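Please see the structure below; I have some questions.
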Amino acid sequence: MKSNDIKKLLKMVANGELAIDEATAKMSTHLDFGEVKPDTSRGERLGFDEVIYGKSKTVDQITNIASKYIESNLNFVCTGLDEAKLTELQKKFPNFTFNNEARMMKNILKPASRKMSTVAIITAGTSDMFVASEASEMLDICGIDSNIYADIGVAGIHRFFSVKDEIAKADVIIVIAGMEGALPSITGGMFAQPIIAVPTSTGYGAALQGFTALFAMLSSCANGVTVVNIDNGFGAAMSAIRIINLLEK
Amino acid sequence: MKSNDIKKLLKMVANGELAIDEATAKMSTHLDFGEVKPDTSRGERLGFDEVIYGKSKTVDQITNIASKYIESNLNFVCTGLDEAKLTELQKKFPNFTFNNEARMMKNILKPASRKMSTVAIITAGTSDMFVASEASEMLDICGIDSNIYADIGVAGIHRFFSVKDEIAKADVIIVIAGMEGALPSITGGMFAQPIIAVPTSTGYGAALQGFTALFAMLSSCANGVTVVNIDNGFGAAMSAIRIINLLEK
Amino acid sequence: MKSNDIKKLLKMVANGELAIDEATAKMSTHLDFGEVKPDTSRGERLGFDEVIYGKSKTVDQITNIASKYIESNLNFVCTGLDEAKLTELQKKFPNFTFNNEARMMKNILKPASRKMSTVAIITAGTSDMFVASEASEMLDICGIDSNIYADIGVAGIHRFFSVKDEIAKADVIIVIAGMEGALPSITGGMFAQPIIAVPTSTGYGAALQGFTALFAMLSSCANGVTVVNIDNGFGAAMSAIRIINLLEK
Amino acid sequence: MKSNDIKKLLKMVANGELAIDEATAKMSTHLDFGEVKPDTSRGERLGFDEVIYGKSKTVDQITNIASKYIESNLNFVCTGLDEAKLTELQKKFPNFTFNNEARMMKNILKPASRKMSTVAIITAGTSDMFVASEASEMLDICGIDSNIYADIGVAGIHRFFSVKDEIAKADVIIVIAGMEGALPSITGGMFAQPIIAVPTSTGYGAALQGFTALFAMLSSCANGVTVVNIDNGFGAAMSAIRIINLLEK
Amino acid sequence: MKSNDIKKLLKMVANGELAIDEATAKMSTHLDFGEVKPDTSRGERLGFDEVIYGKSKTVDQITNIASKYIESNLNFVCTGLDEAKLTELQKKFPNFTFNNEARMMKNILKPASRKMSTVAIITAGTSDMFVASEASEMLDICGIDSNIYADIGVAGIHRFFSVKDEIAKADVIIVIAGMEGALPSITGGMFAQPIIAVPTSTGYGAALQGFTALFAMLSSCANGVTVVNIDNGFGAAMSAIRIINLLEK
Amino acid sequence: MKSNDIKKLLKMVANGELAIDEATAKMSTHLDFGEVKPDTSRGERLGFDEVIYGKSKTVDQITNIASKYIESNLNFVCTGLDEAKLTELQKKFPNFTFNNEARMMKNILKPASRKMSTVAIITAGTSDMFVASEASEMLDICGIDSNIYADIGVAGIHRFFSVKDEIAKADVIIVIAGMEGALPSITGGMFAQPIIAVPTSTGYGAALQGFTALFAMLSSCANGVTVVNIDNGFGAAMSAIRIINLLEK
Amino acid sequence: MKSNDIKKLLKMVANGELAIDEATAKMSTHLDFGEVKPDTSRGERLGFDEVIYGKSKTVDQITNIASKYIESNLNFVCTGLDEAKLTELQKKFPNFTFNNEARMMKNILKPASRKMSTVAIITAGTSDMFVASEASEMLDICGIDSNIYADIGVAGIHRFFSVKDEIAKADVIIVIAGMEGALPSITGGMFAQPIIAVPTSTGYGAALQGFTALFAMLSSCANGVTVVNIDNGFGAAMSAIRIINLLEK
Amino acid sequence: MKSNDIKKLLKMVANGELAIDEATAKMSTHLDFGEVKPDTSRGERLGFDEVIYGKSKTVDQITNIASKYIESNLNFVCTGLDEAKLTELQKKFPNFTFNNEARMMKNILKPASRKMSTVAIITAGTSDMFVASEASEMLDICGIDSNIYADIGVAGIHRFFSVKDEIAKADVIIVIAGMEGALPSITGGMFAQPIIAVPTSTGYGAALQGFTALFAMLSSCANGVTVVNIDNGFGAAMSAIRIINLLEK
């Protein structure tokens, strides 16, 4: 609740227009589903309701939460679902939409209005596609169009140059890479837009489950590259949305 | 060099308006100072010339580079200078401007035009001020105004709330915190703007020289927070500049 | 055996009231079940008999130990049981009580007397519930009432404020959080009670299986927060019990 | 500010007894010294004003803060001062009290009332004394008496037994150990009181600057041992104070 | 081949008693089974033939090697076998001896002569038993008697004291502990014999899969404790055998 | 595309012999299979077409790529296939050649010409054979003969000496070792050829899944040993091929 | 105090030959110098009085302890002294003996009787000499002769073979190596004696300040190699002394 | 000593042409300077005598070794010398040649014959120059010419392209980069020659003192890139020499 709104309430209390207990109740900004308390102010703030992270929840927990969202007529989005969970949940919620490559399910009751800004999503290899899909799907839910440029990693740098002009048209660039994570450095040195780098857990041994790419991106010699958590396509999309919200304000 | 410009050159070559050797020369986009090769396309791209990172260079190397920048009439900015280097360089370049808290020196010949967008810089503790100063100074060089809100960490969360309305007016938020690095999570949950988190090396033992704050920020439960390297106020500013450049386009 | 008791025994030996061999036997303070040697002095000391940690034991080992506890008429509590073990053990010990969310089984023959002090258990997310359950169950076994305040993490800090007054009534606070582990810092800055922080393995990538939360809690800028091992709801309860035992003495 | 106090203010506003701006001002719970904002509610909460951590601050920053504390007539305590800083500050503040072993300086204007509860501080070796001193000094500032039992580590366990009865009389036990950090396990197995373990950076190689002791204490087979950051004697004292405040309520 | 034996061969060559090619052949000290080349000099050196480490080998590889040992009439010992491999191999080699707790199989054709020296094997918890079994079994194969003292960890230190006199009779002590790995420090402070510490992977979170115990043992404040790899009961036995071989020479 | 070729194209454009759009098209050096973009210039450069890394791809992805290679009449090689994938793929591509020990499948339409240089592949233990097989198979695909010398690790150093003269005949030496990774140091001290060391994930506990061998090889006291990623037999072969290509030029 | 001695005391108490308070006093096995409590039972147990580790103590603390040892007429040995401390202490204790290479000082009042067993100390490089010196000096203090074989690392393995026969005569072998730490594997494969490996902090980058050598030694493919902490020449000597004490019993 | 030479000696012994003791002496392949034992076979094998690593040696140790090399008339090369050591040694050995940027000193009595093959040395930034210098100096000592291409890192990839054709002429490529270490991937994707990557400790925070670059290079998506230790310009040169020796054979 904003400072101005608080002042308004205080004035109403001062004027006797509002009971003190009611004033207290009005400060509540979340639903209470017991163990889950969706943040309803988020929709206002970022343009979509709270998203459920499915990886650390059981199918029972997810089912329970989804049911409450249905009852409350809220948009429902759940990420991080492995194949087993997707299969089980598909049976329980046949009306929901499932994107297996993005490891997501959704039930969109109130679609977002389409934005004018666009996002370019670049991946170093085909093994990074699941992260790109998650980002792309999440952007779409928020009304933002994106293009994926897959498998254009640095070892064959001419592949990158062939799509350079297309990428230049986007407002924000998301760069996804595992292994040595070098792609954001090249990208940062070539484009002026905001760049969000996503390390992936692709690779083995010295790739350290994505930490080598993470640290490489944080150490990038290109200026102004920012980074999100390993495999976090969702977070990259959220970051792009914050920028685009600002842009379209 | 953009694809269109290449096409133009090709047409000129095709028309005999341009010699082949000259066409080759025109593709050069950097100065060559021997061991240093400033990227002149960067000024065009990001709005400022290449910045020198002084930490891993000797005073002799920095002096040498600065002299070449003076000869070439380029803006010169050098970051990451410890007290000893600042003292020595101040003697060698008495006409340059020094910001000891930000650990920078600069020689601005062509000031950037002022931008309309602003940045809020938040720090958890007073020990994080040197990073905030570096970010603020760098933004100023690029024509962007910023306000620093210092020492409003999470252990006394009411301090944060008292400046909440002011922070809400900025276009981009930079959050700087060491130790447990919790401030970006709170900030992300409260504001809709793009948020750039900077972990600092403040703390001891389990603070892991800033890695605990870094990992905490990457794992933030707040959506769309992006992160730069430890103590990297410069990088946070660069990231903000990319967003503001987009905004003011 | 306390120094005074030893003196008493020595006096009895001096007076010929006790044979030397008998004196030796009296110093034994544990049962000997072969590979397991329950510490019978613990019951006296902490108010409950030794608890078995089931995670690193086979079903056969647990069955064997439980049988000996039954024979010896001792309270039996076993923690850290995954679903497979719970299912198998439920068949073998149908009279025992099972708490699947807490991953525990118990057979309480002599219930603890109820204490007057209470504990507030706070969790950042729903994925931390299994740790909260373990703590709550263990406190209950020792006669202590607790309330769980779930899913009130820092990204939606207003959820926390809505239960602030209730939490303030508890004597000890247990704070459970994964990912960036920021909740104990907020809690420590707001309450004066003893605070026991439990990092959980919730999260991925930079969350480092709970180590980011662990290190963040140890680096907390809030004063006097103490920490136990990752996912260690049992240990947090034990620590609370030590404080409450002191309080009720 | 407590919920009840807020209600009171609201009533006063409702009754026209308090202007809205004044009501806002009354919610401020911190002083604003610019880059430092001492938390005045802490004194009320924990029984002492905010303590300055000197390690990550320059002598100039500390001098500046101390001067403002003097002006505001506040108790001033600063920890984590190395020998060089202590020497410089001793010249600047000759009226302050310095404890070089504890690496602290203080200026106590309003001494705390003495508490009845006591703390036992145990150290494994003489190299851990500086941490014990910091804890002891901090407890004393808050009105709590403590005894230090030094150099009674596990390799000569009989030394421990000789002071066992004395330790048993304390209300809270702080155990300080570096290297393998085994002392808290022994202590936890022998006493029923709350136990706060402090790992120290004593040792070399595999001692990992205190992380081996830290992890060992977190993995302790003794029940209910809690842990604070490496070398954090201050934090251990704060944790003991929270328990004793509860006890003396 | 020892220097003296080489001299002998050289003399025989000098005297024409040995052909040069034969001399070359005599230098061969290993059998060649293709991908496996058992070291036949080891039996001479350490009192037993080479032992196969089964963990990183497939059942086919083990079967193949075992068959060649049978053909060559060599003692066969294989360690590190999980339950699945043990079951499969038991079917293939019904005449071999299997010790499931020790995760070993053996086929002893030429039993070792019994030694007079003995080994005490101490474990902190019941979860460490599989390591103790491996050590005990391996010692037995080499003709050495050992006693296991299980579950006498430091949290109930009186359990340790009750078997102190028995342990004192052994020539070498093997101490096995997971979690905080404190037992070797106590043991080292109490006995004068050679002490071989074995960290185990027992524990979770901060126990770091045995690395906390490993580092704690290496940092032990007790003098002259030596350490082997995590869970390496075999290596501890081998080290004890080297000492006992020296003793019985 | 080489600088000279670009000059040629430019001349053709200048002479009107080539349309500008066609010139653009000629710069394309990769096929575009959508999510996969094989680098056709690689065959020219290194003597074989792009190799697919199967570990991070699903069977569907691999099947899809393989089909496109068949259509395009390209040599197809896929590495890093576990048993389950090998079994599935064997059914889908019965005409391909499978090497289960090397974890590879291939479909060679245009075999490489045989080279004169040879490679010696040394392994420390039998558990390292899968890496040796991968290297050997990959060399064979590129027309290079190799010999594997298995199980000649440093603990039985005489085994190494018995094949020393044979190894000395090879042009390049690949040394494969897990655990302590000592074999490259011995090898480097004995031979003058280029030496490529491959750490393997063989071992447990302190072997750190191959990182101990990796770090040991990087720290080798032998001069001029180079290292590739853990278990990376493919990379070692590629490195040898670069050297042999140079040699046979 | 041994069980038998306790029984004796109990009998004396039973017979009235010993007062209860005196019996208590007789159980004291340590001197109490305040912050230092030397373990007098250690001399009996291991053949020398407690050794002071100087690295984590100030010159004042060491001076204080040394003075008390002089007063008590005890052998004094202090290790881990850097050059600055050695210089200062040499002035304060001109009658003590200093070994700068070993970083030790000593004041031996009652020399140990000479033992018949000997120790071979092997180092990989000259940079490891300070550790070898510490071990050698410590062995000498305990009456044991040792020979140092320096700079015979694995990259020039023939150097090792030239001293093989001499090493074979020793009863115990201490192997000291930094960098890749391969020497213990070779040694373990060649000799039957007890082998104590000491990793050193020699090397850079991937040598990880001695941890690569440490982990390599723990992972050694040679059987029965035991390991002590990094740079811990003292601990290696102590371990050898335990073995030799057993041997000479 | 090669197998053939051994056979020759054996024949001479057989023929009575050589005494047995003399035969033994002839097997010695190293000089013995006490604590240093230079490997004289190395000169034969790799084309230069043993090089001294100065970092872990004192000025006294280096002086001592250098003097013995002078007496023995051997080429002397010492690397890893910091400024303080260089200054001191310059005074002691005024006739030696010093290269401060490469941190080396040398005394070449018998210069190597010049080779025909050349090496390209590429650096990402000017801060990597000291490593490039070390490699270049070492190659020169061994008779190999090299060119350094400095400051052509990936963030300004056009700088790289401008020297592409020159680099293509070299026989071996050494690529030196710190921070994210991306340059070897680009290089490997563009050239067919052997590529030796050297990570440097340039960078801060997430650059992990060179480990991020090291792991990135090991994880490179470019085929056949090999890696040496951090900052190890010497090792890279040695590896190039092994390849060029093979080439010029």
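Going by the order they are written in, the chains are A, B, C, D, E, F, G and H; count residues from 1 in each one.
Here is the rule we go by: a residue touches a chain if its C-beta (ideal position, glycine included) is under 8 Å from a C-beta of that chain, and two chains touch if they have at least 3 such contacts.
What you are looking at is a predicted structure, and each value in this text was computed from that prediction instead of being measured.
Steps from subunit A to subunit G, taking the shortest chain of touch contacts, total 2. Centroid distances from subunit A, each centroid being the mean of CA atoms, peak for G. Interface subunit F/subunit G: over half of the residue numbers present appear on both copies, so the contact uses mostly the same residues.
Just one of B-H, F-G or E-G has an interface built like that of A-B, with over half of its contact pairs in common by residue number: E-G. Summary of the copy comparison: rotating subunit B onto subunit H for the best CA superposition needs 90 degrees, to the nearest 5. Once the centre of each chain is set as its mean CA position, subunit C and subunit G turn out to be 41 Å apart. Averaging Cα coordinates per chain places subunit G and subunit H 38 Å apart. If you average the Cα atoms of subunit A and of subunit H, the two centres end up 49 Å apart.
Separation between the centroids of subunit B and subunit G, computed from CA atoms only, is 53 Å.
Subunit G has residues 39, 42, 125, 155-156, 189, 203, 205-207, 214, 218-219, 223, 229-230 in contact with two or more other chains. Here the chains touching each other pair up as A-B, A-C, A-D, A-F, A-H, B-C, B-D, B-F, B-H, C-D, C-E, C-G, D-E, D-G, E-F, E-G, E-H, F-G, F-H, G-H. Within the complex, the subunit C residues that touch subunit A are 125-127, 129, 150-152, 155-156, 158-159, 162, 178, 202-207.
Within the complex, the subunit F residues that touch subunit G are 124-125, 153-157, 179-182, 185-186, 188-190, 203, 205-208, 211-223. Residues 1, 27-30, 34-37, 39, 41-42, 53, 55-57, 61, 65, 199, 201, 209-210, 214, 229-232 of subunit H touch subunit G in their complex. Chain contact summary for the complex, subunit F toward subunit H: residues 2-3, 39, 42, 45-46, 51, 164-165, 168, 171-172, 189, 191-196, 214, 218-219, 223-230, 234-235, 237-243, 245-247.
Note for the complex: subunit A touches subunit D at residues 7, 10-11, 13-14, 16, 20, 23.
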